[in-house]
Structure formats: structure tokens, C-alpha cells
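As C-alpha cells, the structure follows; a few thoughts come after it.
First chain written, first letter: the chains are A, B, C, D and E, and each begins at residue 1.
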Amino acid sequence: MTHAARFHGVSQVFGDFTAVDNIDLDIPDGKLTTLLGPSGCGKTTSLRMLAGYLAPTRGTISIAGVDSTRTPPERRNLGMVFQSYALFPHMSVADNVGFGLKMRRVPAADRARRVTESLELVGLAHLSASKPKKLSGGQQQRVALARAIAIRPKLLLLDEPLSNLDARLRIQMRAEIRRIQAETGLAVVLVTHDQDEALEMSDEMVLMKDGRIQQQGTPQAVFPAPANRFVAEFLGYENFLTDAGGATTTIRPEHLALSVSERTPAAETGAVLPGVVLDVAYRGVDVLVTVASADVSGARVELLADLRAESAPDLTPGADVWVHVPATHLVPLAAD
Amino acid sequence: MTHAARFHGVSQVFGDFTAVDNIDLDIPDGKLTTLLGPSGCGKTTSLRMLAGYLAPTRGTISIAGVDSTRTPPERRNLGMVFQSYALFPHMSVADNVGFGLKMRRVPAADRARRVTESLELVGLAHLSASKPKKLSGGQQQRVALARAIAIRPKLLLLDEPLSNLDARLRIQMRAEIRRIQAETGLAVVLVTHDQDEALEMSDEMVLMKDGRIQQQGTPQAVFPAPANRFVAEFLGYENFLTDAGGATTTIRPEHLALSVSERTPAAETGAVLPGVVLDVAYRGVDVLVTVASADVSGARVELLADLRAESAPDLTPGADVWVHVPATHLVPLAAD
Amino acid sequence: MRGRTALLVLPGLAILLVAFLIPSIAMLFSPPGISPGEVFARLGRMLTDPYDQAIVVRTLGLGLIVTVVCIGLGYPIAYLLSRSTSRWAGVLLALAIFPLLLSSVVRTFGWLVVLGSQGAIPQLLLTLGLVDSAPQLLYTPLAIVLGLTQIFLPLAVVASYSALAQVDAGLDEAARGLGANRTRTFWSVVVPLSGPGVVVAATLVFAGAVTAYTTPYLLGGSRQRMLSTQLYTYSSTTIDWAAASATALIMTVLVFAVSGLSSLAARRGATS
Amino acid sequence: MRTRHPIAASLAVGGYVVMLVPILFVVVTAFTAGSTLRFPPDGFSLRWFEAALTYEPFTSSLLSSLMLAAISAVLALALGVPVALAVHRGALPGRSVVEGLFLSPLIVPELVVGLALYQQLMVGFGLDNFQTLLLGHTVLMFPYAVRVTGASLALIDPAVEDAARGLGASPGRTFLSVTLPLLRPGLFSAALLSFITSFNNVPLSLLLQSRDFRTLPVVMLDYVQQNYDPIVAAISVLILAGTVLVAVIAERTVGFARVFGGINR
Amino acid sequence: GCSGGSDDGDADTIVVSTFPFGVEEFTEAVLDPFTEATGIEVEIDTGSNADRLSQLQLEQGEGGVDVMLISDTYAAIADSEGLFQEVDPGAVPNLEAIAPFAVEDAYTGPAYSYQLNGTMYNTDELDATEAADWELYANDDYAGRLALPDIAVTAGQLTVSGVASTYGDGPFDVDTAFATMAGWAPNVLQFYSSTTEMTNLLTQGEIVAGGALNGFATDLIAAGEPVGWTPPAQGRYMATNRAMIPTGAPNLDGAHQFIDYLLSAEAQAASAALVGDLPVNLSVEIPAELTAVVGDVALDPTAAGYETLDPNEIVPNRNEWVERFAREVVGG
């Protein structure tokens, strides 16, 4: 596997605070890698080092196999969408998008065509003459995306590029990013806080916490098998149970089933735990039910079940229920 | 029902562009109202008029029953989280959060306590001495939230306040906002692009498009009965079918079922349409299947089914399937 | 990259050294035919002479007053202009710049017509019955303050404006939304953010006011001596280079001290 | 202009009164038919304007002054803005010392500087008057070029510069295409202040005149030493009128406030 | 004092350094006819007395100037520093033709013109007799409506000496002069250091009278302003403008030729007519515009009681007197 970029033992220390702590990270070529992690875990800092805005305190970064730790940003041929957009306030939308092309001395006619293309892609061709100040938040974000995409970089760094877009537009933009990536074979690093986005788009996921990498792999590998409790929690595993051997296992809310009698639905291999309903939250097509229960070790646990609305039993807080925990979906966890 | 705020025939025209077009809107007191709509539909503009930053081109805005169209922002006692945060770069995080309290002449000791409380609420008490420039995107957003909450306003305006937070933190913050609201009985207007957020948090939802209100009501009322195709699409109704009478109906992807033979699963009242699988997308616990089919009027349609991964039939693109469309979940739509 | 940014200073620094610093320092400490010792001896005498001390105090006092007045009037002008969306803003800005173009000698005549005992203000006061006889305004400290204000106010406006224009109006809004009225927003957000620009403006005005010669002389008259008028006497009348250098040294130290203190205060204010 | 800042507005009005009222009197006196500068003027005539325009020392020195001011303003900015950049963007050691040094031309009395430059550059290095004047004026403008632009630069979000670099712009291109346009208010102010400082300068220029190259303010000063007649008011009014004309053209073509305006416009 | 472009040592060119005003008239009256008469081109260099003296000091008498026309005080200061050379009487025959006061030994170069100290006054408010009396300045009726020259300007020293000789023992009894003038100071609106400032105060009606040299009254009186000029009743002193040759003058011969021409009846008459300079060549006819101001005095100023001041008394004491004047007369 070739690598679009590689971090070797990279750290970033601000004063006495270590924002990125000795990470080794491979960004595969021609793939989309997502960087996930809680707020402040060092995602943006990592991207900024990769883009060359921040020199690593320690370690080296190579791009396309060449040590680029000291290469200035403009010679890295990267596209970047900043979390804060960083649009040029004095230029029109079109000029913002065309800027990178101009720097690459793309002839004016070509440039105009590619600017229009990029703006059409984000649905903003009609605003090409506006100044960024006059755009809505989501429009600005899309201009930032168009600007990064327009230059067709070898490596595209996207720092929460869709956070201010509504669901439909997000889905559309994701598809566009995927399409561009597939067509041009570039590598993309995407920072997102949206699991769905990560699962749907990633070829590779990287989970970070406190400046360290917790787990890396394909969504298909990571999602069903979180490496530790942090990753599990982050990916939406809400339920943590101690098994008979004292090890922690986890299970997603969607995989719990509830029944008012122990028998129904047909018991699968696994535990059936008695509990009391604490809360029922309506969420459109599904229902979230919080149940107070005790796991096989006898410890009190709060379990969250996510049920399809139409098949959920009619529950109210205080009702007694049985929680079905299918063994097939139970994931054993390593200690944190 | 008392109203925290009311728009009467309000428009906002920028040059020759009408960003908000003659809206009448009631913000109920003590409730959480969400404003939803595509990027650029006028959500931020509406909030800015409500907060007093922008005088309506036409119409009046009353707050707590008093015409406040000309009241300056500082006399409206509103808290606002700006989409761009607008943190004061020259003040520490604590001073940012304490600013509104200082303006209200809250004594220093009280102020310090409330600042700490608000920062703890957003999980940033440890950064109280930092300057905003040094914070990550999500941290900045949380400071903006803490700053708006700290003043305990009568009306809290939140413009995408959680867009840069990861799922866990978002859930936590939503709960906090709900808790504060319940405790203090304030009214909240929340702009969000996240349907889950809207459904889970809203007492009242307002859907906007092109500066006009499309539908307003409780999530329980709006979600199952979108008023028109725009609302339906926006709420994730992906499938639109023309019924025998020529009217358009819609159904959510979660409500479609697929089977390889027409019989299974047990046919409900409703249509069963033959189709060909176009795409299968893995999404963790569920699977999205796109099917090319034809509705009862004979028109070609693309249908999207969202199936629980464990109960989904094993499908590959090109396979023939039957799409089950349960009549109970079919929603008739008014013309746009 | 660090090394390279430092290189940017070099061309400017070279010119500064050759065409200003070295010649000026040489001239200050050892003017033609005079040894540094004589300059310092003269400096010592000046600093201990009550007459000269009074001149230093007057210069410092008037300089500070003019600075406060110029910033006090100029900053609001710059603020209003930077926040205005009116088409008139451009015109008003231009109007604030014109006065800079008028030779100070000619301006002084304008003040003579305004402040002289036959002039507009005293006659207006007489007509209104507010005074019994025309008050003496010309050749007073007030005249110097007015004259210097007129000269340096445009500078204060222009220098403040350039900083204010860069302060994001969105932050004003945020402050208003948090309950700060316009005044408090101004003081707690606009002023601190444009602070460095204001310090620059104040420094420029103070330095200008302390070193200005024509206006204090023509409006202040022979009785309101300032360091600059003394310097002029020494360099153009008595050709007394030791005294001229000593006076110039005092002026230089005064301005450096005040500007240094103000930027220190501003930095302290910004970081607290 | 409607305003909601009554205090600021009153102060501003006061400021404009102080700036403009004395000038109005001067302007009026320039139209006198009499032969002394007096208010109220003795009758109305344009004779002093004619006299000003035909008095050769004024016209030739006006051109000299304009040229000197323009060239030295450009030089000062060309040399000073990089310094501001290094001070605010680079990791310059001794930052405040450098800032102080570049402020000093404003602080050392110009009479002394003029004499020093005469001694060192003209007598010492044998430069001619124009070269010495040019260097002297350039140095005199450094405080504006460095400090005024610096105060503006400090408020520009460095993220947009990062963005430009990321899009392939070298530091130089970034500066030209992003920083410089955003710096416009500061540059414009600095250029204006520089130009005017040079254009009005007397003390520094006094000793550096030559028979071939004289600046207008010095010529005017020489003139009024002998003869304080309305001709000096007339030439002042002409200069003002010229400025108004330039301002109107700027307003009509690009918009004065736009050229000068910052991020909020 | 500019060396750039001047053709040092060229026998057909001289550099004349002169006052910055009235240059056109001076060129027409003296320079052009001189060139015509001798074939020597004249380049001129202008500046105030002090500026040109400073330049001369910095250049140590070099700098390419052949003839410097400068006021007597500054000429004397430069003389005291040896920056001028003795004008050769053999090369300037016209020295014989000029008034004795113009060729005093105290200077290395001759006077070519002179200025009379007196009082300029508003003829609507005062008559000549009142204006000529030093007691005018002690008259409280005119409190705040009088001006006197600062000792820094030419008229200032002449006034101090006039007061000194009137109230004390001779022109250099500055103690008496300063004490007397300090008594007048409350009535004095301004001790001016630019005569046009004083004339402005006068025409604007701010003052009724002020001490001034005759030259500044000429244009005002010619223009019909209600302004007069009168010599003081007592203590009449005059200042001279002198033609000096710097030690480093490149074209000594040309310099002498120029000075000789400057003192000729022809040049003296032309500069009286065109520039308004009072001629030291007393045979020259005085134009009406000048006699309108100074009357008969210009026919023979010495006879009218005008004296020059001895530079050897002034130069060593000047700095001290200037300081004392500021402190004792003007006040702080």
C-alpha cells in the first residue's frame, strides 16, 4: 500500500500542553481517511501539521514518501478546508475559489470553467459574485469546500467541512466528495464529528483521544470491534456490561431488545436481564428506552435500547421489562 | 399560550434579494423551538432580526407581548450563540463568559461562581484562563454556548450551537440545554441542521425554505405528517410515489421492507412493487438499499430502503427484489 | 522561516541607520564644533534651571493635553466613520483629511481671525453678553491646544480609523447581545481591540505636538515657550549648538519615555 | 448621518469644528480684493488666485513637492511594510526595540535631523539635494509606514494567510494577494499621512533646498517672511480644491470609503 | 551652500547666496545686468540668515559660495569664526563711493543696503509723534494692543539698543533696557519673531503699533493701508545687509567683481527701485515709495541720527542677551 502521507512519532506541544502526543499515522493513497475524536483531542492540530502550518515539536511528516517536515504549505500541493473557513473577505466567491488555480497559473478561461464547476458542485454558482460576508454560514462553508476542491490537490484535508449543512445537503456533498475522490484518485483526510459521515465515507477511520491514536482501521473492522471503551463509547456503544469473567463487554442500543414478558421475543443465545424503565424518548422512526438493570456480575447498570418505533412494546417509565442481550452482538473490550 | 416572541409579517430584503419573506412566527414561552431549513433559507437572518441586530425591512417583532421592533439588542435580554461564535479575542474564556454578567452588574463573587458553573456545564472549566484563539473549534463553540447561557436570559437564541461537537458531547449538551430550559422556564430558539437534534429537543419545529415558513408544529405532529414535498424531503422522506389518484405520497426509507420473494415478509395492506437493486450501502447497524422500481401509476421511481443490518436480506446490485410499501406509513402530500 | 522574516527588516533598517540614526545621534551628541561634554554640561544646567524646568513641564503638559484632546475627538470620529454605512462617511473622512494639507502658517491666520480680540469667538462672547471685555485667547495655552489639535486631529482620525476598520463588527453585536449598551460595547470591546492602533495614534500625536514649532510659536506667542521654540531659538537665532542639542535630547527622551510607557500600558491592558 | 451615539457624535462635531472653522476663514480671505490678508475681506476678486498661479516659485515648487512626497511615500511603504510584517508575523527578536527605532524619526526634532543629514549626507557623502531630501523624507515617514500599518496588520486574521499558502501562494504572493488588500485601511492611512507629512514639511527640508529643487512649504515660508498677503491663502485654497477634486474622483470611481474601508464594508 | 551641480572654480560663473525672498526682483535689478556687463553667470542659492550660516559652519567656509549676502549680525558671527575672508579694497573700487557706515572695519565685507528701526502704527489710531515716542509702550490706554520685536529678530537688537541708549547709558546698557522693557511687557500683546506676523496683527486690527524695520511698511503704505512708519524720537539704530566672501570661495575674482557691481550707483539705484533696498551709495536717487515711508532719512541716515551697532559688542554677548531677554522681558 502506498501512503499519501505519514506521521512518524509526531508531537505538538503548546507551552506545557501536549496537543498531539507522539503519533504514528499512515494516510493511505487514494483513500478517504477520517479523523474522529472528541472536541480538543488534536484533530485540527494534526491537520495543520500535515498541511505545514505548524511545525511538529517532535517527529517527522512525509508526504508521498518524501520527508516534508520542513516543506512550506504552498509546496505541499494540498487542499484544505479550515474549520473556520478562512475565506478571503476581500474577494468574491469566484475569486476565492479561483485563487488556488491562479497561483498555479491556470489560464483565465480554464480557471473560470473550473471555478464554475466547483461552485456548481456545492450549489453556489448563483452567488459567485458575492462577497463572503454576505453569505450564510452554510454557504460560506461550501465556498471553502469548493475552494479546496477546485485545485484538484493530491491530498485534500477537510476539517469538519459539512458541519453547518443540513442533512440533505450533507448527503449530497458527501457523495460529491466521494465521486471526486474516485475520479481523481486523490487521498482525503476528513475530520468529522458525525459518525454516520465517518462510517459512510471512510475507507479508513482513525480515532483519537487526548492527542493519541486509539484505533485505526476500516469502518467494517473498527465499528463492530471497538478496541477499548473510549472507542466504543465514541462510536455509540452505550451499554457496558461486566461479564461473568469480570471482563467488560459492550453492546449497541440498537442490538438490545425489550419485552414485557421474558419469553417474547424468542430468546436468543445471550442474557435476558430484568429491569425497570426509566425514560422513553420519541425520535421519529425510533424510540430510545432507558432501563435500570443489573448485569450478570450483579452490578447496577443503566441500559439504553434503540427500538424501531413500530415494533417497540408500549412502555412507560416505571414499567418492568426484560432486556434481551444477544451474545452475537456483545463486543469484548480491552482495558482503556 | 403565551408567546416569548412573535414575528408579524416580517421581511428582510438585502439589496434586491429577499432573505426573509413576510413571515409570521410565534415562539412559545418556556418551550424549545427549532428552526430548520436548507442552507441560506433565512434562519440566521430571522434570529438576527429577533435579537435586534437587523431591523426588519417590513413587519414587526414583539417580545413578551411588547412591540420590540426598534428595541436595541442590549435591552432585549436575549442570549445568543452566533454561528461564527464571535468570541472576544482580547478576553480570556472566563471573561468572555462573564461579560454578560458584568454588564448586568452581577457582583464579582457571584459572577465568578456563575462563570465556573457555565464552563463546567460545557466541560471547559480547565480552560477558563485561555484566550479563545488557543482553543479548538469545538471548544470555542462551547465557550460561545456557555457565554449565552451564563446570563440566564429570557430567550436563548442558538444558531447551530453544537455543529462542531462530536456525537457524545452533542447529546450531553442537548441534555444540558433541555435541563436549563426546564429549570428556568426560558424560551429557546435553536437553529440546527440536525434532524435528530430537532426531533429530540423541540417542543415546536419550524421549517423554512427560501425565507418562508413551510410548516410549524410539534415534532410528533410534523414528523409523521409533512405538509409538502419540501418538508418531507427535508425530514428524510426519501421515497415519493404517485398514487392511483395522481396525488403524491411519501414514505420514509425505514418504513420500506424488501424481500426476495413477493410473499415474505407477510404482506401488509399496501403495495408491493417489483424492482432491481441499484446500490447497497453499509452503515453500521443498518443498510441502505437503493432500488429502481415503478409506482402504481407506472412512473419509474428510485426507492431507498433503510434496513436493520441483521434482518436485511443478503442483496447485491442487480438483484431482483420486492419492495413492500405499507399503507399505514404512506403520507399524502399537498402540492409544494 | 524565522530567519527569513527577520531579513525583511534589513533594507528599512539600513536606510534608517544611514539616513537617520547615525547622523542624528552624531549631531545630537556632538554638533559642529561642540564636544559631547559641552552638550552634557549644558543639559545639566538646563535640567537644574527652574526657567527651563518650567518649559519642560509646559511642553509635557501641553503635549499630553493635546494628545488627550486629539484622541478624545479623533477616535469617536474614526469610530463613527468606521461603523457608518452612509455614503457620507467617505466625504466626512475626506473632510477630516483636508486640514492636514493646509500649511501651518496659513492655518494660524485662521486662528488669529477666530481667537484674536477682534476675532469671532471674543466678539461672539461680547455680543452674547457673556463677557464685559474681549478675553485674551490668542497667545495663551488654550490657543496652542486649539492650534495643535487642529493640526494633529486629522492624524489621530486617520491612524485610529485604520485600526478600527479592522475590528470585526460582529463582536460589537455579540457584546450588545450580552447586554452591553453602545457605550459599554465601545469601551469593553471596540476600544481594547483597536487599542494598539490608538496607542500608535497617540504616540504620533504626542511626538508631533512636542516637536511642532510654528503653531506653538505663532499661537502661543513669545510667553508660552516650549522646548521646540527654545530649540528654534538656539538653532536659528543664537546658533548655540550645545543648547540646541541639549534641548533636542530632552525632547527626544520625553517622547520616547511617554510613547514607551503608553505602549507598555497598552500591552499590560491587553494581556490582563 | 443618523447616529445612535450621541456622545461620540457630539465629540465628532466638536472635532470637525476645530478642524474646519479656522480654515473656512482662510478660504474666505483668499477671495479678497484688498491687498492684505484680512477678515472680513475687502470685496471679492480672484486676483490672488491668478497671482498664485502665475508666481513661478509656487508652481514649480508645488510640482517638486508633489513628486518628492509621492516618491518618498512609496519608498517608505516599500521599506516600512516589510518591517511591520516582520514585527507582527515573524518571530523577530527584540520586536519592541525595532518598533521603537522606527518610531524615532518622529521623535528627534526635525531641525536636528535636517542639520544632521546636511552634514553627513550632503557634505559628507556628497549626495545632492534631491537625494538627501528623498532619503530624509523617506525616513521621516517610517513611523507611519511601520506603526500605522502594523496596528492594522495585527488585526488581520492570520488564518486567511494560511489559507492562501495552502492554496499554493508563496509567502510573497500571499502578501500581495491577501495581506496587502486586507491591509488597505492601514496602508491607505500610512500613505496619506506620509504624503501629507512630506508635502507640508518645513524643518527637515529647510537646509536641504537647492536652487534647482525647492519644496512648496519652504517657498511659502520664505514668501510669508517678507510678505504676508492673500496669495498664500489663495495657494492653500488651490491645494485644498485639488484635494477635494482627487477625493471626489476617488469617491466616484472606487468609493472613498471602500478604498479606505476595512472588513466591515 | 549646495555643492551639487555648481561649477566650482569656473571663471565665468559665481555662486551668490542670498535671502529667499524678492529673488526675482533682485535678479532683474542686479544679477542680469551684472552678467550682461561682465559675462559672468550668476547662480543663486537662497536661505534664511540662520540656515545659511549653519550651512557655512558645517562646510567650514567651503561649499562653493562666492558671495554671501547676509545680515550684519550673522556676518559678524561668521567673521568671528573666520568663515569669511577680507574683501580686497583694491578689487572693489566702488567701496569709495559708499557711505562710511557701510565700510566699517568690524566686518570683512561691506554693507550694500541697510534697514532702519522704527515703529509701524495704525494711522487711524495714532499720529507719528505718539508713535515715535518710546513711552507709547508704557501707555496703558494701548494695553494689549502693542507689539515689540523679540531680540531674536533684527529689529529686536536694534530696539533693545534704542531703549538702552534712551533710558540708560548707551546702546549696550541692556540692564536698563531689559528693566524698562519688562515694565512695558504687560502692555505688549506679542514679542514677535516674524515681522509679517506683526503686520498681520496690525492690519487685522489686533494691535495699534509695533516696533519694526522700515522695509516691511513699504508695500502696506503703497497699497493705501492706514499704516505709517516713523523713526523713534531717540535711540535710532539701523542694521546692514552685507556682501561677504567665504574663505573657500572658488571664484575670488568674480566675487570681487560682483561686489563692486553691487555697490555701483547703477545697481544700487536698480535695487532701491525694484527690491526696495535702501542704497548705501548715497548719491543714488531714492524712489518715492521708499521716501513715503522713511522720509528724508534715507538721504543720509547718519545725519538723521541713525547708527549701526558694533558687532564686537554684540557677538560675544548675544547668547546671554537672548536668554536674558526671554527671562527678564518676555517672562516665562
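In the analysis below, contacts are C-beta pairs under 8 Å (C-beta built on N, C-alpha and C of every residue); 3 or more make two chains touch, one makes a residue touch a chain.
Because the structure is predicted, anything quoted here is derived from the model rather than measured.
Chains that touch both chain A and chain E are the following: D. Overlaying the C-alpha trace of chain A on that of chain B calls for a turn of 180°, given as a multiple of 5.
Comparing chain pairs C-D and B-C, the larger number of C-beta contacts belongs to C-D. In this assembly, the C-alpha centroid of chain A lies 55 Å from the C-alpha centroid of chain D.
Distance between chain centres (mean CA atoms), chain A to chain B: 20 Å. Put simply, the C-alpha centre of chain B and that of chain E have 90 angstrom between them.
Chain D has residues 4, 37, 39, 115, 119, 171, 182, 224, 228, 263 in contact with two or more other chains. Multi-chain contact residues of chain B, defined as those touching 2 or more other chains: 72, 84.
Counting partner chains per residue, chain C shows two or more touched chains at residues 1, 32, 109, 113, 168, 182, 193, 235-236. Every pair of chains meeting the touch criterion is listed here: A-B, A-D, B-C, C-D, C-E, D-E. Within the complex, the chain E residues that touch chain C are 48, 50-51, 53-54, 57-58, 77, 144, 150, 152, 189-194, 197, 200-201, 204-206, 318-319, 322, 326-327, 330-332. By the touch criterion stated above, chain E contacts chain D in their complex at residues 1-5, 20-24, 43-48, 51, 54-55, 58-59, 63, 194-197, 199-200, 203-204, 216, 219-220, 223, 225. Listing the residues of chain C that touch chain E in their complex gives 32-33, 51, 54-55, 109, 112-113, 116-118, 136, 138-139, 217-218, 221-223, 225, 233, 235-240, 243. Chain A makes touch with chain B in their complex at residues 14, 36-40, 43-45, 83-84, 134-139, 141-142, 159-160, 163-170, 193-196, 199-200, 219-220, 223, 233-236, 252, 254-255, 281-286, 308, 310. On chain C, the positions that touch chain D within their shared complex are 1-2, 4-9, 11-13, 15-16, 18-24, 26-28, 31-32, 72-74, 76-77, 79-84, 86-107, 109-111, 113-114, 120, 146, 149-150, 153-155, 157-159, 161-169, 182-183, 186, 193-194, 196-197, 199-200, 203-204, 207-208, 211, 213-214, 228, 231-232, 235-236, 244-245, 247-248, 251-252, 255-256, 259-260, 263.
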